[in-house]
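Two complexes come next, and they have one chain in common, chain A, joined by chain B in the first and chain C in the second.
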Partner chain A sequence: MEITDVVCALCGCVCDDLVVEVEDNEVKKVKKGACSVGKSKLMGHGRIKSPAIRENGSLKECSYDDAIKKAAGILAAARRPLLYGWSSTVCEADKVGIELAEEIGAVIDNTASVCHGPSVLAIQDVGLPSCTLGEVKNRADLVIYWGANPTDAHANHMKRYSYISKGYWTAEGKKDKKLIVVDVRETKTAKVADVFIRIEQGKDFLVFSALRALLLGYEDVVPEEVGGVSKKDLLEAVRLMKEAKFGITFFGMGVTQSTGRHNNIVNAIQMTRAAHTHTKFSIMPMRGHYNVNGFNQVCTWETGYPFSVDLSRGYAWYNPGETSSTDLLVRRECDAALFIATDPGAHFPGESIRHLAKIPVIQIDPFANPTTEFADVVIPAAISGIESEGNVYRMDNIPIRLRKVVDTEYLPDEEILEKILEEVRAIREKEGE
Partner chain B sequence: MAEGELLIKNGVVYDPINGVNGEKKDICIRDGKVVEEVKNPKVIDAGGRVVMPGGVDIHSHIAGGKVNSGRLFRPEDGRRGLEAKTKVCRMQSGYSVPNTFATGYRYAKMGYTFVMEAAMPPLAARHTHEEIVDIPILDNAALPLIDNNWMTLDYVKSGDIDLLTAYIAWIIKATKGYGVKIVNPGGTEAWAWGKNCDLNDTVPYFDVTPAEIVKSLGEANEKFEMPHSIHVHTNMLGHPGNFGVTMATYDLVKGIKPSKDRQVLHATHTQFHSYGGTNWGDFESKADAIADYVNKNEHVTIDIGSIILGDTTTMTADGPMEYSLYQITGRKWTNHDVELETGSGITPFLYSGKSPVNTIQWAIGQELALLVKDPWKVALTTDHPNAGPFIGYPILISMLMSKKRREESAADMHSAIYDRAALPSIDREYDLYEIAIITRGMTAKALGLHEHGKGHLGVGADGDVAIYDMSPEERDAGKIQKAFLNTKYTIKGGEIVVKDGEVVATPAGKTYFVTPECDDTLTEEMLKKLKDKFEHYYSVTFNNYPVQDAYVPNPYEIKAPMRG
Partner chain C sequence: MNARLISGRTIAQGQNLDNKLSEEYYNAVAICEMNEKDMEKIGVSADENVEVRTSYGEVVVKAKEGGGNPEGIAFIPMGPWANAVVSGDTHGAGMPQYKGIDAEIEKSEEKVLPVKELMQRYMG
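So, the complex of A and B:
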């Protein structure tokens, strides 16, 4: 059976025109629309087979009920629990997660904390002049990727939405456009750019400042070389920006997680505002996981804040640096953690992992990963977008509903969390809290 | 809806739709609806207090992409409204951009039971509905933005009103929306290139004018028996001297016959569109001219969009307007243009009584309410949160009811109010009957919701009741304000949801949406063009676009047949 309009649950591109061949309740072929990574996810790979609880150092398979009871017991007893992940699951699950965090007074945080969190802080400082990806496709004649390498990380991005795509005023595709890539090394994306600006590691802030100055007409204050880039090349970039009818800057973790962090993004946005005095100019973060944005959305409308929210006071307390996951772990504050649809074992600094090894850890995930190696309770989940449906937010805030294409025995994240929440409430009621 | 019976006795009832003006009257409710009599009810003794139907807000931004972007980029606003969870309530945050839970609780405490989300970008409609589901208590609906859509612009240009009719039917159904929202027609499309449009300018590349867009959508809307008229944010919002454009826009639809007994055009947040002068230096109120137009014509209703002094978060699909505002203040600015459809901008703003312009703006909103003679033509709003947060409604009610309070306030503000505004010279004071009209009766009628049990307490109406802790004789403005901020009781569908100013139950609200029933042949013809737009220009597929039923768990469908 051929299923059309399948939505890819991999990266922030959320391509929604996949065609998938399903036979005997199995994805046999991805016929259209997906990049190689998206295809690989749809075709499936090593699953966590069964719920399990660690006993004497090794995971012992158990029933869903037992794993859920064990997880609820850990969370109900914890004084400073952390609930982290949430970016590779659907908004419906995120909502239950926030309710669970509220119930137990947990800190809830998503992967933005170690990814585009600095972008959020910058937006809170200066705002974000942006647009949907279809605007870029139809109108943009200048595309800038800065500290981002879509050819490898968001493989369909240029084809569907930006440099290569064809739209209303861009019917000739890349012939109608210019592509500037700014990076510290010559990435695959840089190789296809019209202009590649190679900057020195950690000098993004300076280069943004120089471009801002030039856009605002202060050529005299810009030295002959800034961050490894000649003034001539900077002036050429500014000429392209001013001459564009519609410009867009996409920025990645090369900017958010290098020297300067959120200050880089503030400056990038200020550069966009400066460019906007000449022409239409927008800017957009290249969000990684398919629903990292969705968690930030749900968390914002429910708690008032997008990530790193501490609910121990009964109301939301937001102070990244104090209430962000790695900081809490490095300070050894947490006494229990739940990780869902994520892998801190691979992504968090060693010091926080050392603390995680000492506290009870619950993992909810379809797939085994390094976190499984130290998790005390492991709960397998259905794969969102293949085995269960739900809402996600693309990197440009467009909500799209993931489709279910095959059936599964595994429970969806939302249902697992609801059961844990129910169990936690039962425990707390018994204890008279 | 609560099962069982409820009797509210000894209340002084203001139910304008049924002509009830301050009568001592019992209200009987069974299974969530108002009935003639009850046999074995739970009894609430209103003790001579003021009783009104649940409030109906005609225009407020409470859910969706730009509201959430406002929350996200203003953690400082979040901190102004933190309240811990209780046994009944979830956590609360925010003042001008409250979280979804606080939105439901605070409206309910003011006695409101229905709120219209006033701007839903069709492509992001799922987002609006996702948030609406998280707003407790309130019944709700949302108006999709239809005026800058390329489909609309194409059909306006070609003059195919029938196909435009088919398109608006499709998009209202696809978004689970309630009617036709127009925001800076043509101007928002122009903003995608960094430009704007006045009423008779040509929209870049599309060869149509905003005036043609308004007129065509006005005609198309009346092809169906739509509960609501077109809902219009006119061009040039916030520009000195815009009152002429505002009235010229009203004139465009004057000859159109409404398909139901209501206005042809609802003009929203009219305060922002009633400006005289040529620049910020000679800026003055033209509320008198706008009110005069409304007094002399029957096809237009307005809501006031009155200012609440203090800091707020402005947000609108009128992208160029927000850019202008950000250029004035230099504060943070978010913009989000939406492909083929609309845009939006957000920036914080402080309305200061020390500023001559803000002072005159403050006067204009109240002048509109006081100078429009027939309260059935005017609704109380703050265009939440643009002119101020909805939590300021009780302040406005007390102002409209007390000339003394207005005089006291004006004395603390910029003296421009005495030279360039009319407010100090107006003696009129609203009575409670008129307050009930502009907060429930008129709004329910203008939205066509009175036929669906909202805004009144006649037999068959929803059992939505507000009991305010004040006697009808109360004249103290401070006490009036206090009473309208926190009800003695708010009853929603026969269930007590607020008691003594505290939320005691949080049932889910219903989502009202309209299904315009368009001729199949026309729809097929229209779909050819629409599918081509999806094929080539949208970034999502045609099949993934419509809002799925899962997003509207508590639906209330209103069918709008084609006019015979």
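So, the complex of A and C:
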């Protein structure tokens, strides 16, 4: 059976025009629409077969009920629990997660913390002149990727939305557009650019400042070289920006994870504002996971803050740097952690993992990964967007509903969390008696 | 050799995101891409092992040529090998230093640890 308009649950592009062949309740082929990374996810990998609890150093298979009871017991007894992940699952699960965090006075944080968290901080500081990917597709004649390598990380991005896509006012695709790539490395994306500007690692802030000055007409204050880029190349980039009818800067981890962090993004946004003195210009973070943005949306409407929210005081307290996962773990403050749809074992600094190995850890995920190696309770979940449905937010804040294409016996994230919450409430009620 | 280390996504790392205990992931992620001149400097050929040391840890990975790196920049795909040597200091912003870490890179005769053995190092 052919299923059309399947939504890809992999990266922030959330491509929604996939065609998938399903037979005997199994995805047999991805016929259209997905990049190689999305296709790899849809075709599937080895699963966590059963819930399990660690006993004497080894994971022993158990029932869902036993794993959920064990998880609830750990969370109810914890004094400083961390609930982390939430970006490769749906908004409905995120909502239950926030309710659970409120119930136990946990810190709840999502992968933005180690991804575009600095972008969120910058946006709270100075706002974001942005747009939708549809506007980019139809209008943009200048695309800048800065510290972002979509060819590897968002493989359909250029084709669907930016440099290569054909839009209403850019009917000839890339013939109607210019592509500038700013990066430390000559990435695959840089290789196809009209202009590649190689900057020195960690010098993004300086280069944004120089471009701001040039856009505002202060050429005299810009030295002959800034951050490894010649003034001549900076002036050429500014010429292209001024001549564009609609420019867009997409920025990635090269900017958020380097020295300067959120200050880099503040400067990137201010550069966009400076470009407004000449033409229409937008800026957008290249959000990584397909629903990293969705968690930030849900968390904001539930608690007032987008990530790194500490609910231990009985009200929401937000202070990234203090309430963010890495800081909590490096300070060895947490005494229990729940990880859902994420893999801190692979993606957190070693210093954080050293502490995780010492405290009870609950993992909810469809797949075994490095986190499984130290998890004390492992709960397998349905794969959102393949085996269960729900709402997610694309990188440009557009909500899209994931479809279910095959059935499964695994429970969806939302249901697992509801069961844990119910069990936690029962334990707390009993303790209160 | 002194280098600045950065980590990040690659297409092969992404293809194996849900397949991290596999050989494919190990081959795609337990690597360090360097400029060919830097490889000459440390006397290492492609697919030989190098030890990457920072103030935060050390890890052995396979050397690879290229990745578009200029001299002095080394790249390890994001994952447990890179994160064995990145800093957990967030500079008050919540974000660890995943890019721009001062590192020393030398040829190594040690083996590249498979992911399960790498994780065991944290259990002690």
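Here are some notes:
We take it that the second predicted complex is superposed on the first by the 432 of 433 C-alpha atoms of A that agree within 3 Å, B and C clash if a C-alpha of one lies under 4 Å from a C-alpha of the other, contacts with A are read in each partner's own complex, and residues count from 1 in each chain.
Going forward, a residue touches a chain if its C-beta (ideal position, glycine included) is under 8 Å from a C-beta of that chain, and two chains touch if they have at least 3 such contacts.
Given the structure is predicted, the values throughout are model-derived calculations rather than measurements.
With the C-alpha superposition on chain A as described, chain C and chain B fit side by side in the combined arrangement. In the superposition on chain A, contact is made by A:Thr187 with chain C only, not with chain B. Touch criterion not met for A:Leu216: it reaches neither chain B nor chain C. In the overlay built on the shared chain, the residue A:Ser258 is in contact with chain C alone; chain B does not reach it. In the superposition on chain A, contact is made by A:Thr303 with chain B only, not with chain C. Of the two partner chains placed around the shared chain by superposition, chain C is the only one that A:Phe348 touches, whereas chain B remains out of contact.
In the superposition on chain A, A:Asn369 makes contact with chain C only, while chain B stays out of contact range.
In the superposed model, A:Val22 makes contact with neither chain B nor chain C. For the overlaid pair of complexes, the smallest distance between C-alpha atoms of chain B and those of chain C rounds to 15 Å. In the superposition on chain A, none of the residues of chain A is touched both by chain B in one structure and by chain C in the other.
Residues of chain A that touch chain C in their complex: 10-11, 36-37, 40-41, 44-46, 113-114, 117-118, 121, 149, 151-153, 155, 184-188, 190-191, 198, 201-202, 253-254, 256-259, 261-262, 288, 308, 320-321, 324-327, 329-330, 343, 345-354, 356-357, 366-370, 372-374. The part of chain A that touches chain B in the complex is made up of residues 4-5, 7, 16-17, 91, 95, 99, 102, 120, 123-135, 137-139, 160-161, 166-169, 245-246, 273, 276, 279-280, 282, 296-298, 300-306, 311, 313-316, 318, 389, 391, 393, 397-401. Taken together, the chain B residues at the contact with chain A in this complex read 63, 65, 67-69, 71-75, 78, 81-85, 90-94, 98-101, 123-124, 126-127, 130-131, 134, 192-194, 205, 323, 326, 332-340, 343, 346-347, 536-541, 543-544, 548, 550-551.
For chain C in complex with chain A, the residues that touch the partner chain are 4, 6, 8-11, 14-22, 56-57, 67-70, 73, 75, 78-80, 83-100, 115-116, 118-120, 122-123.
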